[in-house]
């Protein structure tokens, strides 16, 4: 580990505490900030030895955190809310916001005849069942003023979506906004058309960092230190996309620098939107409440859940 | 009908070569009944398999009805030393197998099959599977199967070896009848000198490994022949004694004729 | 036959009551053991967190709540599994036949079949969807891809290991290739082929599920993804349990077919 | 032996040149056909978009560029596959033995084994990770879960279909169960067992990949996820191709082992 | 040594029940040589399998050396009607199988196995696999296997059926020698009346299905006995004729004795 000797010496008095962290999915640019925090020694500075494991998406990650296989992971807030609404994820608590707005989007290619949401009518889109984009689509359609019933959804495993789009099998796919450069690189010269859900659903968060209520309650100090260090990594990664790409490559040989850096650049606007101040990771419970309302209105979850049941106000970074 | 000219056959395995037959010259005329006798392991089965086209000779040539043998022929029926019944077929279906293979109508031959089975003492067992039969009964099923096609040539490898003396006699008589009625050519392997003398026009005596023809003994007794003391008792006794001596002549112990390589 | 104990006796009819006990009683006991074990590690001594393996009671509740939806999924998936399996059987036996008929074909194609078989099927999703669209066709193809190999292999092995004496018999009758195949080699190969079919059956079920993951619009696989996507593990496990039950049922019917089709095998071999 | 044509002759040694041709020539031809087909549908008449199935040339380039990394992945995955496969063989044969030894055990557990086998392994990811952590243990477990069933089934089938006459022989010598197993039933079952092993081998490779998907931090499966995640399908397919090649190589060694271990099978049965 | 009291045995299959044996009462004294003759399918093999403990009687009781037979015993060697060789074992390893099973030292018996094989005319074939042997050679391997353990009781099901007359005579002499040396008890199925008269102290004649004991013929000729014309020629001829008549007595055609159900 290339931590500089100065940092090592400051924290060598106490043994490092072990923490297992799961990325949201695999090891891509959008999840590289954890590697940055580790590589730059931010975790070590606060006395933590973090083990970073590749995650497998919101549902799996929630299960693994609940069962104690890992302590922290970013998951999509919408997915978490839906899970909670279904009676699951009961011991999960949100401790920081990674992306202040949902990165969920529909991505199409120029030439597919999609420029505005209205153009989606009559088209075929692909995403996996249970994904955020698909779950939220009816709400998105309502807010964007289009008829959801005129859009055909087909199934596609996450790893296959870009191929389906590039080969012209479908007109659009569900993706995170940061998928844009990847889509363009595969589409060979055709430009991507991105319709971010955040255009019409400004309150909805993207990925949020979660842990269990038990950790939040019993190890608040450790959680605080972890959150602070991770946020430091997050800031560093969006400020230095190229370095982030390198760091990721160094730690995960199967990663590729350029697309990772591009993802970081794109993510920047979601992590630190205009006017959000200097602090990253904040959670506004009012916005969470409105998100819950949104989903309840869309009949996606039952009534009753309140933000304070879900968010640990003590731990979230404050502006 | 059957001609073998300078036929040799060797087998090679991981532990060396066995020369089973060497330089066999033999002609079997149409309608002739030839018995093949010789010590165990001298190559009798191999010889039948060569004539049947199941094995190609390492040397020499075999012709049947003027045609060189390169594969099996439908006018030759082979009765194997082991019954070789299909375990999933009932007795009668095993007997009818050649009928199916030859593309004949099953219905037309069913009755004949039943009659053959009855002749072989297997009436009532038509529907049974082979494993429900005793060894001798299986052998008789196999005999019926080889007879069903009315073959011009029959190659029979110890067809009666698992049968008791009485059944053996009865079936020998039947076989003689079939032979005379159909004028079929028969090559018959047996270990019983009595049987050879009873049935054959000529008895071919093979030497032990490598099998060569030691002598061909002609049996000049008019047909139909019967067992027991009869007018030709002396000829029978002479032939039997001859054959016994010929077989015995290879040495006093079985060991002499048997070497692995 | 279903006699217990080591000592053999002349085969006789087994009282039917006895057969029923062994045919139903033991599997039921096995099921009880399995469910008991499941209950033990999830409820009694909760070793495993319900988020990764929910207790049986929760799964049952989830099943009750969503039974109509889940049973609909079961119907879809069963249909796909059975249809794809039948496809596999036909095609697998034919390919097996081809490989058995010609050594050149075997040498040429069996490495390719192994290669195809070893490709993780998830990676084939886009290829299937792009070439076959959504719905039945790619799903059946996926079922086929997962389950053909055991059938091909067992067919080829069965057909190329006919007892020499039976093959000689067919040859001595100058049977055509087709006749030899139909009347001798195929029946002799059936015990082997059935092993292949029995291995292929659960694979077919997995194929249907993977197919639904990638190109489905319903069915148990679709539901598994959907419900695990929102961490509703109880419902996801209800779907998984249904899937397993379906496989066991289909497998058992296969065993029954085998028993009816090949009575001679049990008689000419010794079980234990 | 490797004689062509229908006519049988006294078995004799086959000139070794001939054997080499059939052993190497045909598979090479098969490979050429496969790559040719691939090239045809992707490059010559581009039916399929390169994002879905990249042309062989691109895959080769990707392999050249990342060869060190991919070969590292290959080493990891091969090790996992072989280790997991060996585990499966040992455990599978033991379970098969148990099921063969007792009808009660067979009736009780074989439905459970079918059920386990029919659970889509993807759904087991969290369970495995939670109980076994990351790395070798869950991956080997995944390999085992995918490949044990064919081995169990073929072992049980092989052991319970000993020719009656050989089983009688063992009984007439009052051989113990273990002796009967070792000296009679197991050798007689080997041809069956090898079919199971051959089916299990490619499944083991898939198991390693799925395991890496879920709990891995390296290996070809991990690389497949990573590179398809950034839509670098050429590299992903390079990894898939390597995986397929590995399977074919492992499968071929298994065939070789079988041929060396069971010479008598080829001699007492008729191939074609 | 061997006692059968009221032993019956039936088989039931899908197409009905076959009564193979009915009410067999038979005592074989220690050191006695009993031959079993009867029409093919009359239940001889079944009787041996019952004594060997491979089959349980449907009725009656069987005791060997005073103990009731419920499973196979190591002091009984069974020679099956079919050779039942393990196809993956070489000839010598097949012969040594009982040695391994009994937990004896292989090395100590290897030489004896080789000697037995030589006696059976199989010297040089020790390393070969069974499928490389002729039918008669396989049968001789199986004979050697049954002799290797020096069993107190030998049950032999047509051990010489696939052998030529000479080998058969030689091995008969050997078997007599073994019998006299070891004072072993032998029950021997044969289809050859000559063989029965040559070897047996008593010959048990079975009726066709269901197999019952028709008569037990005592052969009072001092041992060692030899073939051919000798001092006891008349006794031999008388016994042979008796046996032939007894066997024939069941009707003129094989059919009479054979019904499926």
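The letters A, B, C, D and E name the chains in turn, as written, and every chain counts its residues from 1.
By our rule, a contact is a pair of C-beta atoms (placed from the backbone, for glycine too) under 8 Å apart; a residue touches a chain by one contact, two chains touch by 3 or more.
Because the structure is predicted, anything quoted here is derived from the model rather than measured.
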> What are the chains that chain C and chain E both touch?
Replying inline: B, D
> Between chain pairs A-C and D-E, which one is joined by a greater number of C-beta pairs in contact?
Replying inline: A-C
> With chain centres defined as C-alpha means, what is the inter-centre distance between chain A and chain E in Å?
Replying inline: 83
> Centre to centre, by mean C-alpha position, how many angstrom separate chain B and chain C?
Replying inline: 48
> How many Å are there between the centre of chain A and the centre of chain D, using C-alpha atoms for each centre?
Replying inline: 39
>> Among all residues of chain D, which ones touch two or more of the remaining chains?
In response: 8, 48-49, 51-52, 126, 130, 164, 166, 168, 171, 213, 228, 267-268
>> Could you pull out the residues of chain A that touch at least 2 other chains?
In response: 60, 63-64, 67-69, 159-160, 163-164, 167
>> Among all residues of chain E, which ones touch two or more of the remaining chains?
In response: 11, 13, 53-54, 71, 82, 129, 131-132
>> Could you list, by residue number, the parts of chain E that touch chain B in their complex?
In response: 11, 13, 15, 18, 37-41, 45, 81-82, 118-129, 132-137, 140, 158, 161-168, 170-171, 191-193, 244, 247-248, 253-255, 257-261
>> For the complex, give me every residue of chain A touching chain C.
In response: 57-60, 62-64, 66-69, 79, 82-83, 86-89, 128-131, 135, 154-157, 159-160, 163-164, 167, 169
>> So in the complex, the part of chain C that touches chain D is made up of which residues?
In response: 2, 4, 8, 22-23, 25-27, 29-31, 33-34, 48-49, 51-53, 100-104, 107-109, 111-112, 114-123, 126-127, 130-131, 149-150, 153-154, 157, 159-164, 166-168, 171, 191-192, 195-196, 198-199, 201-203, 205-206, 209-210, 213, 221, 224, 228, 236, 240, 243-248, 251-252, 265, 267-272
> Which of the residues in chain C come into contact with chain B in the complex?
Replying inline: 165-166, 168-175, 179, 183-184, 187-188, 262-264, 267-268
> For chain D, which residues count as touching chain A in their complex?
Replying inline: 48-49, 51-52, 69, 72-73, 125-126, 129-130, 133-134, 213-214, 217-218, 222-223, 225-233
